[in-house]
Every structure is written in structure tokens, then in C-alpha cells.
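Okay, got some structures for you below.
Two complexes come next, and they have one chain in common, subunit A, joined by subunit B in the first and subunit C in the second.
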Partner chain A sequence: MILKPHLEDVQIIGYYLGKITIGIGLFMLVPVICACALGEINPLLDFLIGIGISFLVGFLLTAICFTDRDLNWMQGMIVVSLCWLLAMLLGAIPLFLSGHYRSFLDACFETMSGFATTGLTLVQDLDHLSYAHNLWRHLIMFIGGQGIVIVALSLFVKGFSGAFKMYVGEARDERVLPNVIHTSRFIWLVSVVYLALGTLALGITGIINGMKPFNAFFHGACIFMAAFDTGGFSPQSQNVLYYHSFPFEIITIIIMFLGAINFKLHYHLWTGNFKELAKNIEMRMLFFTVTITFLLVAIGLYKLHTYPQALMLFRKGFYQLISGHTGTGFQTIYALQFNEWGDLALVGIICAMALGGAVCSTTGAIKMLRIGIIFRALKEDVKRIMLPEKAVLFEKFHHIKEIFLEDKQVRSALLVTLCYLLLYFIGALVGMLCGYPFLFSLFESTSAAANVGLSCGITSVTMPAVLKTTYILQMWVGRLEFMSIFTLLGFIVAAIKGK
Partner chain B sequence: MKLLLPRPEIARQPLAANKQKPSCISCYRSTMLYFVWSIVFFLTIPCYAQPLSSEELIINAKQHDNQSVNYRGEVIGDIMVRGNYAWINVNDSQNAIGIWTPVQLIKDIQYTGGYSSAGDWVVITGIFHRACRQHGGDMDIHAATIVIDTKGSRLEEKPSSFKIKVAISLLIICLTATIIYFITLSYRKRR
Partner chain C sequence: MTQGKLILRAATGIALEILYAFIVMGVALLACVLLYLKK
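This part shows the complex of A and B:
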């Protein structure tokens, strides 16, 4: 029997949604400061309207649904899934008002792409977009990369037991430190320290490359936020190709890689435990999968003579691959140039995108830990067949500590992997229904669902609204890793059918 | 090749000559003569290439690789000087393409496109590279000539009166809501 949710459930969900909405409004103050400093009047008004609506919705929700009760698991999951949709709608307001988006749906697409750290974009005439709007596009990636709820938790909440439920709901089931609030603050500390260092490195490189100092540091900050949070937006329409700089590409590769590794591993590296880097199952899997997928890409490109020199092949092939594997989506080629890459290289990139980076990082997709667990389970099963029946067999893997492989972990890894594969194929199917070829549909669908952002040219303002909506849903579901979305669906079903 | 199409007025010249009406064999001969003459004419005159769009260059990159092309667009972002050369990025409203140019060719460029300015529109003649060997495989054009087509300008920002009204109204409502919210909160806590 399905139990109908109580009004109390709705009240608690509404109250916490309201709090997070106020938090989103407060974050819009950053582009407001930028617009004031640079004298951008219309962008300033766009963001004031955005803040006004966010605060209004937030205050209304908290006032109407006021409660002092804590969240349970179901409510926590629903708050997370709904707050991402609400954040998309509110974050899209200033972008839509900028006049650089054909419709509100396009602005919503951009905001979800930003929050989910995807990087697919529908902006028009990006090269004339204001600094404030550009900063917002990149800031939402930074907020989304850390997790919208984590931002609210670490900045606006002193501590409550429901915090962990929302933390898990945002696909972060690992605690770096014993307390969730401390964990989210550590994640912020890591991000802010890297932000300072990354912006400095990219800014100086920009100046050496001939950019004006202000632009160099503004671009540096934006590109850092996009790279570390494995987002993929860029302040210019050419993406990273705009800079025409090999050192700039190398720095972004390092930042993308840092963004793709587990925050727990960051903690160990910060405390001087560098051995963990070599022992960790995720790092080993990442090395293995990058090697295999790069081989596919390199052979594919070599066979077609797409890039006649080894350096070219590295700068184009390896960069796009790392960008796809880490879930960033930076491109140093035009989207339509994927046409000349051939099927094998495209399959290599699709595989890399589908696999993703580490758990508890800012990447999307299946993730290395799950792939590692599935491989270990396969190895265990093969061993079981080969050894005598009475032999006691156990498999271990190293992830921060030695862990015995259990059926529960394998089941969970396989379920999530299956869900991701389904999500990739559903998007590809919709793409094909809209008239695009299979491989390109799969490429774009995987890019959206795995929160990557590489595009082979399908994502554009002219693509059908149904495909835009599909990609928005894929980005949302892919970022939250299914559980909170399934809980929301269950809640809706219970509200309709429950007794 | 598309880039060597003659200007329309040049192409019309042989057609205009066809208006003469000689008879029989002489008519056939003269037609043949004009036909041969026109082929020779098209092959020998210096052609004025029409600017190609960025989309055409990207989609048919192999066809245009290492060929001289004309490309027209707005200079956007930064002019990145690297020694005696510089990178400029030129957007034709579809995509922006990187132009590698000697510094002296761009000394007349005053405005580059951004939020507060419309950049100079330039016509570039140069060699297009699908995957430039000198620049790590970038798709670019090595400029031989750059001509400023339309001057850019500073863009005056006019605040939208509608946005001002909406923003002020919303801020007043929010301020009131905030005050009511905190009063209600303190009342509830006391209770």
C-alpha cells in the first residue's frame, strides 16, 4: 500500500526550498557588484530583478511553510531535486533579460547546463555579453559544482542532522571529515585556494599571451571556475580556442584533472599523503581508461590523417579527450569539426565522456569508483570459477583505505551504471527522432547526461524544443545521480495514488 | 571554386556582347569566338574573391585548406600581440575564426567587439589552414592583407525604463517582506 504524503511533508520541503532560494538570491549579489564596478546598468537591473524575485519566492515559501522540524530522508531528497529546478528557473531570469537568449527555455537550458556543470550553451552573440552576465554564467557552475545545497549548508546553516540527507541527495555520499558541515566547508576551502592559484596562473599566462590585464584575470577566473568545476563555459564564443596558446591549454588540463579527482583524495594530498595517488582505485582506473580511450582517438585520427603531426594530434586529440573524460567540455576545435574525426575517434570520446571522473568530485557520469568495483567483481567471479569450490575468496580494493568488496557495493555500482547507460540511450533516441544521425545523437546525449558539454554541433538555438527539454532533464538527472529524482517521482505517485 | 567567382558586373560583360545579331555561319563562328574569348578572359583576369562565411570554411575545411580566402567579420575581444605578429579573432556573426597577422596590418584597428563596443569590421585576405602546422592544429587564417570595411564604435547604454520600474517595485516588496518575515520569526521564537 502506498501512503499519501502528509501536508507536514510539503511544509518541511517548502521551508527548506525557501531557505535555499534566498541563498540563490544572495549569490546574485556577486554579479551585481561586478555590474556596479564596471558601470553596466542594464545587467545591474537584470540581476536586481532576479534577486527581487528570488527573495520574494524564498520569503513566501519560508513564511507559509515555517517549521522547526528536521528533514527525513525522503524530504531531504525531494528538497534537493526540486531546488535544482527552482534554481534553474530563478537563475535564468537575469540571463533571459540580457536579450542574448531566444526564449526563456534557452535561458533555462543555459542555467541548468551551468548548475549541472555541463557546459552546453545556447547563448547568442556571446562575444558581446556583459561581464556581469558572463560572471553569473561561470559562478553558477562554481555553485553547482560544489552542490547548490552544500553552498547553502556551509554558508547559511549552522548545523542540523538533515544536512547529511541533502548532502547525499546531491550525489555526494562520501564525507571527507566526520561532520557534513565541516566537509562542505573543506570542499569550499579547497575550491577557493585553487581558485586563487588557478586565476593567478591563467591571468599571468593571459597577459603573456597579449591580453589586457583586466581581461586576462577576468577570463582567468571564469576559465578556472569552468575547469575546476568541470563545467566548460567560456567567456568567448570560441571557447579555449580563443586564446591560441599551448601553455593556457596545459594549465587548463591540470585544473580539469584536479577537478576530476575526489575531494577526499584532495584532503590526503593536502595532508602530504601522496602515496594515496598511486594506490587509489579511482586514480588507477582513470589512468587506465584515459590510456585506452586516447588510443582509440589517436588511431581514429591517425587513420584519417586528420592531424598530420604528433603535436597537433596531442593538442587536439588529447585535449578534447581529457576535457570529455573529466566532464569539462572545453573545446579547442569547432563543434562541426567533429565531422572530420571519424567514427572511431568519436566512439573514443563518447566512451571517455560516459565514464567520467572520480566520485565526490565535480564530474558527472558513471565515475571511476563504480567502474573499478565492477571490474573487481568480474575478476572475483572469474577467480571463483577457476578455484576449487571450497576455496574462500575475497576481493579488496584501495580507496583511501583497504575495503573488502561486498555484493551490496557491486549491486549499487551496477544499478547506477545501468541507469546512466539508459539515460544516454534515451537521449540518443530522442535525437534520432528529431532527425539527427545515431552517432552524433549519442555523442550529444552522452555529453548532456554525463554533464560534459562537448558538442558535435547538435546543440544550437535552432534545435527542436523537445530536444532542449530532453537535454535539460538529462543534465538534471545525470547531475543528481538518479536517487533524489526517483524519490521525487515516488513522492508524486504517492500523492496521486496513495491512501 | 567558389572563392574565385568573378564579380557580377565582370560576369555580365560577355552576355552584353551577345546582344549583337549576326547571321548563319558567321553567327556560329562569332558565338564560338566569344565563348573561347570568355573562357580565356575568366582564366586570365585577376579575380575578386567573395568573402567566405566561417560556416563554409569549417564545413568544407579540406576543400579550402592552404588556399587563399577572403573572410569578413567583426574583430572581437583582445588583440593578442606575440612579437612581430598578433592574434585577432574575427566573428562573422556565425563563428569567430583566429587570424594570425603581422602587427603592422592591424595598426588601424581601433575598436574590438565587446559589451561596450562594436568592433571594426574587417576583410581579410590570407591563407586558410584547416589544421595549422605552425599553431598546433588550430583552424586559422594567416593574413596577407587586412582592410577595414566598417569602423566600430563605443556603444551607449540606455537603461530600460521598464526594467527600472520592475526592479524598484520588486525591491520595495522584498524589503517589506523581509521586515514582516523577521518580525514573524521573532514572534514565533518568543512563543
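This part shows the complex of A and C:
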């Protein structure tokens, strides 16, 4: 028997949604300050309208649904899944008002792509977009990378036990520190330290390359936010290709790697546990999968003579691969140039995108810990077949500490992997129904669902609305890693069928 | 532990993370060079 949800459940969900909505409105103050400083009057009005609507929705929800009760697991999960949709709708308002989007759906696509740190874009005439709107595009990526709820937790909430439920709902199943609020603040510390270092490095490189100092540091900050949060937006329509700079590419590769590392590992490395880098199963798997998938790409490109020199192969092949593997989506080639890559190289990139970076990082996709666990389980099964029946077998892996492999870990890793594979293929199927070839449909679908952002040319303002909607849903489901979405679906079913 | 030591540890951690990225890049570059040397 399914139990019908109580009105109290809706009230608690509404109250916390309202709180987070106010938080989103407050974040719009950053582009407002930018617009004021640079004298951008029209963008200023766009953001004031956005803030007004966010505050109206937020205060109405908190007033109507006021409660002093804490969240339970189901409510926490539902708040997370709904707050991402609400954030998309509210964040899209100033972007739509900019006039650079053909429809509100396109603006929603852009906002979900930003919050989910995907990087697929439908903006028109990006090179003439205002600084304030451009900053907002990158800021939503930064907020989404940390997790919308993480941001709200660390800045606007003093502490409550429901915090951990929302933290888990946002696909962050590891706590760096015992207290979830301290964990979210540490995530902010790492991000801000790297923001300063990365912006400085990219800004100086920009100045050396001939950019004006203001532009160099503005671009540096935007590119850093997009790289560290493995997002992939860029202030220019040509993406990273715009900079035509090898040092710029090297710095962004390093930042993409840093973004793909587990925040828990950052903590251990920053506090003196240096050996963890070599022993950690995720870092070992990342090295292994990057090498294997790059070999596929390199051999594929070499056979087709796509690039005439080794350095070109590295700059084009390896860059797109790391961008795909870490879930960033920066490109140093035009989208349609993937046509010249051939099937083998495309399969290599698709595999890299499907795998992703570390858990509790800003990347999406299946992730290295799960791949590592599946490999270990496979190894254990092979051993079981080869050893005598009475032999006692146990497999362990190193992730911060030595962990014995248990069936429930394997089951969970396999279930999430299966869900991701299904999600990739559903998107590919919709792409094919819209008339695109299989490999390209799979490429774009994997890119959306794994929150990568590489595009082989399908994502454009002219693609069918059904495909835009499919990609929005894939980005949302892929970023939240299924559990909170399934809980929301269960809640809806219970509300309809429950007794 | 003094503030200086804490900062030094964090800086070493950051340096190691960057070193890891350089090692992966180095392996990839080596693979590219070897592939073209074969020709």
C-alpha cells in the first residue's frame, strides 16, 4: 500500500524551497554590482526584475509554508530536485530579457546547462553579450558546481540536521569533515583559493598574449569558474579556441584536473596526507582511463591523418579528451570539426565523457570510484573461480582509508552505472528520432547527461524543442544522480495513487 | 601547529595536485610523439 503524502510534507518542502529561492535572488546581486560598476543599464534592469521575481516567490513560499520543523530524508530529496528546476526558471529570466535567446526554453536550456555545469549553449551573438549577463552565466556554473544547496547551506543557514539530507540529495555522498556545514565551507575554501590562483595565472597569460588587463582578468575569472567547476562556458563564442595560446590551454587542463579531484582528497592533500594521491583508487583509475581513452583517440586521429604533427595531436586530441573526461566541455576545435575525427576517436571521447571524474567533485557521469569498485568486484569474482572452493576471499581498495569491498557497494555502483548508461541511450534514441546519425546522437546525449558540454554540432538554436527539453532533463537527472529524482517521482505517484 | 606550517602543507598539497596533472599530460604527449616517430 502506498501512503498519501501529508499536507505537512508539502508545507516543509515549500518552506525550504522558499529559503533557497531567496538565496538565488541574493546571488543575482553580483551581476547587479557588475552592471552598476560598468554602467550597463539594460542588464541592470534585467537582473532587478529577476531579483524581484525571486524574492517574491521566495518570500511567498516561506510565508505561506512557514514551519519550524526539520526535513526528513524524503522531503530533503524532493527539495533538492525541485530547487534545481526552480533555479533554472528564475535564473533564466535575466538571460531571456537580454534578447540573446530565441525563446524562454533556450534561456532555460542555458541556465540548466550552467547550474548542472554542462556547458552546452544556445546563446546567440555571445561576443556582444553584456559583462553582467556573461558574469551571471559563469556564476551559475560556479554555484551549480558547488551545489545550489551547498551554497545556501554555507552562506544562509546556521545549521540544522536536514542539511545533510539535502547535501546527499545533491549527489554528494561523502562528507569531508564530520559537520556538513563545515564540509560545505571547506568546499568553498578550496574553490576560492583556486579561484584566486587560477584567475591570476590566466589573467597574466592573457596580458602576455596581448589582452587588455581588465579583459584578461575578467576572462581569466570566467574561464577559471567554468574550468574548475567543470562547466565549459566561455565569454567568447569560439570557446577556448579564441585564445590561440598553448600556455592558456595547459593552465586550463590543470584547472580541469583540479576540478575533477574529490574534495575529500583535496582536504587530505592540503592537510599533509601526501601519499593519498598515489594510493587513492580514484586517482589511479583516472590515470588509467585517461590513458586508455586517449590511446583510442590518438590512434583514431593518427590513422585518419587528421593532425600532421604530434604537438597538434596533443593540443587538439588530448585537450578535447581531458575536457570530456573531466566533464568540462571546453573546445579548441569547432563543433563541426568532430566530423573529421572518425568513429574510433569519437568512441574514445564518448567513453571518456561517460566515465567522468571523482565522486564529491564538480564533475558528472559515472565517476571513478564506481568504476574502481566494479573492477575490484570483477577481480574478486575471477579469483573466486581460480582459487580452491574453501579459500577465504576478500578484496579491498584504498579511498582515504583501506575499505573492504562489500556486496552493497558493488550493487550501488552497478545500479548507478546502469542508470547512466540508460540515460545516455535514451537521449541518443531521441536524437535519432529527430533525424541525427547514431554516433553523433550518442555523443551529444552523453555530453548532456554526463554534464560535459562538448558538442559535435547538434546543439544549436535550430534543433527541435523536444530535443532541447530532453537534454534539459538529462542534465538535471545526470547532475543529481537519480536518487532525488526517483524520490520526487515516487512522491508524485504517492500523491496520485496513495491512500 | 603554526599558521606558517599549515600554509606550507596546503601549498605542498596544491603542488602535488598540479604535478599529477603534469604527469598525465606528459604520458599523453609521449604517446603522441611515439606514434609519430613510428612513421
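Everything below uses one rule, namely that the second predicted complex is superposed on the first by the 499 of 499 C-alpha atoms of A that agree within 3 Å, B and C clash if a C-alpha of one lies under 4 Å from a C-alpha of the other, contacts with A are read in each partner's own complex, and residues count from 1 in each chain.
In this text, a residue touches a chain if its C-beta (ideal position, glycine included) is under 8 Å from a C-beta of that chain, and two chains touch if they have at least 3 such contacts.
These numbers come from a predicted model, not from an experiment.
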Q: Mind working out whether A:Phe287 is in touch with subunit B, subunit C, both or neither, as first, second, both or neither?
A: second
Q: Check whether A:Ile299 is in contact with subunit B, with subunit C, with both or with neither, and answer first, second, both or neither.
A: second
Q.
A:Thr271 in the overlay: touching subunit B, subunit C, both, or neither? Say first, second, both or neither.
A. second
Q: Could you tell me if A:Leu311 is touching subunit B, subunit C, both of them or neither one (first, second, both, neither)?
A: both
(Q) Quick check for you: in the superposed arrangement, does A:Ile253 touch first (subunit B), second (subunit C), both or neither? (A) second
Q.
Between subunit B and subunit C, whom does A:Ile261 touch in the aligned arrangement: first, second, both, or neither?
A. second
Q. In the superposed arrangement, which partner chain does A:Ile41 touch: subunit B (first), subunit C (second), both, or neither?
A. first
Q) subunit B or subunit C: which reaches more residues on subunit A? A) B
Q.
One more residue to check, A:Ala495. First (subunit B), second (subunit C), both or neither?
A. neither
Q | Common interface residues of subunit A - those touching subunit B in one complex and subunit C in the other | A | 309, 311, 313
Q) Can you name the residues of subunit A that touch subunit C in the complex? A) 193, 197, 250, 253-254, 257-258, 261, 266, 269-272, 274, 277, 283, 286-287, 290-291, 294-295, 298-299, 302, 309-311, 313-314, 317-318, 321-322
Q | Interface residues, subunit B side, partner subunit A - complex | A | 55, 58-59, 61-62, 76-82, 86-87, 89, 91, 93, 95-96, 98, 100, 113-115, 131, 133, 135-140, 157, 159-160, 163-164, 166-167, 170-171, 173-174, 177-178, 180-181, 184-185, 188
Q) Once bound in the complex, which stretches of subunit C touch subunit A? A) 9-10, 12-14, 16-18, 20-25, 27-29, 31-33, 35-36
Q.
Give the list of subunit A residues in touch with subunit B in this complex.
A. 40-42, 45-46, 48-49, 51-53, 55-56, 59-60, 62-63, 66, 97, 125, 127-131, 209-212, 215, 236-238, 241-244, 246, 306-309, 311-313, 315-316, 332-334, 336-337, 339-340
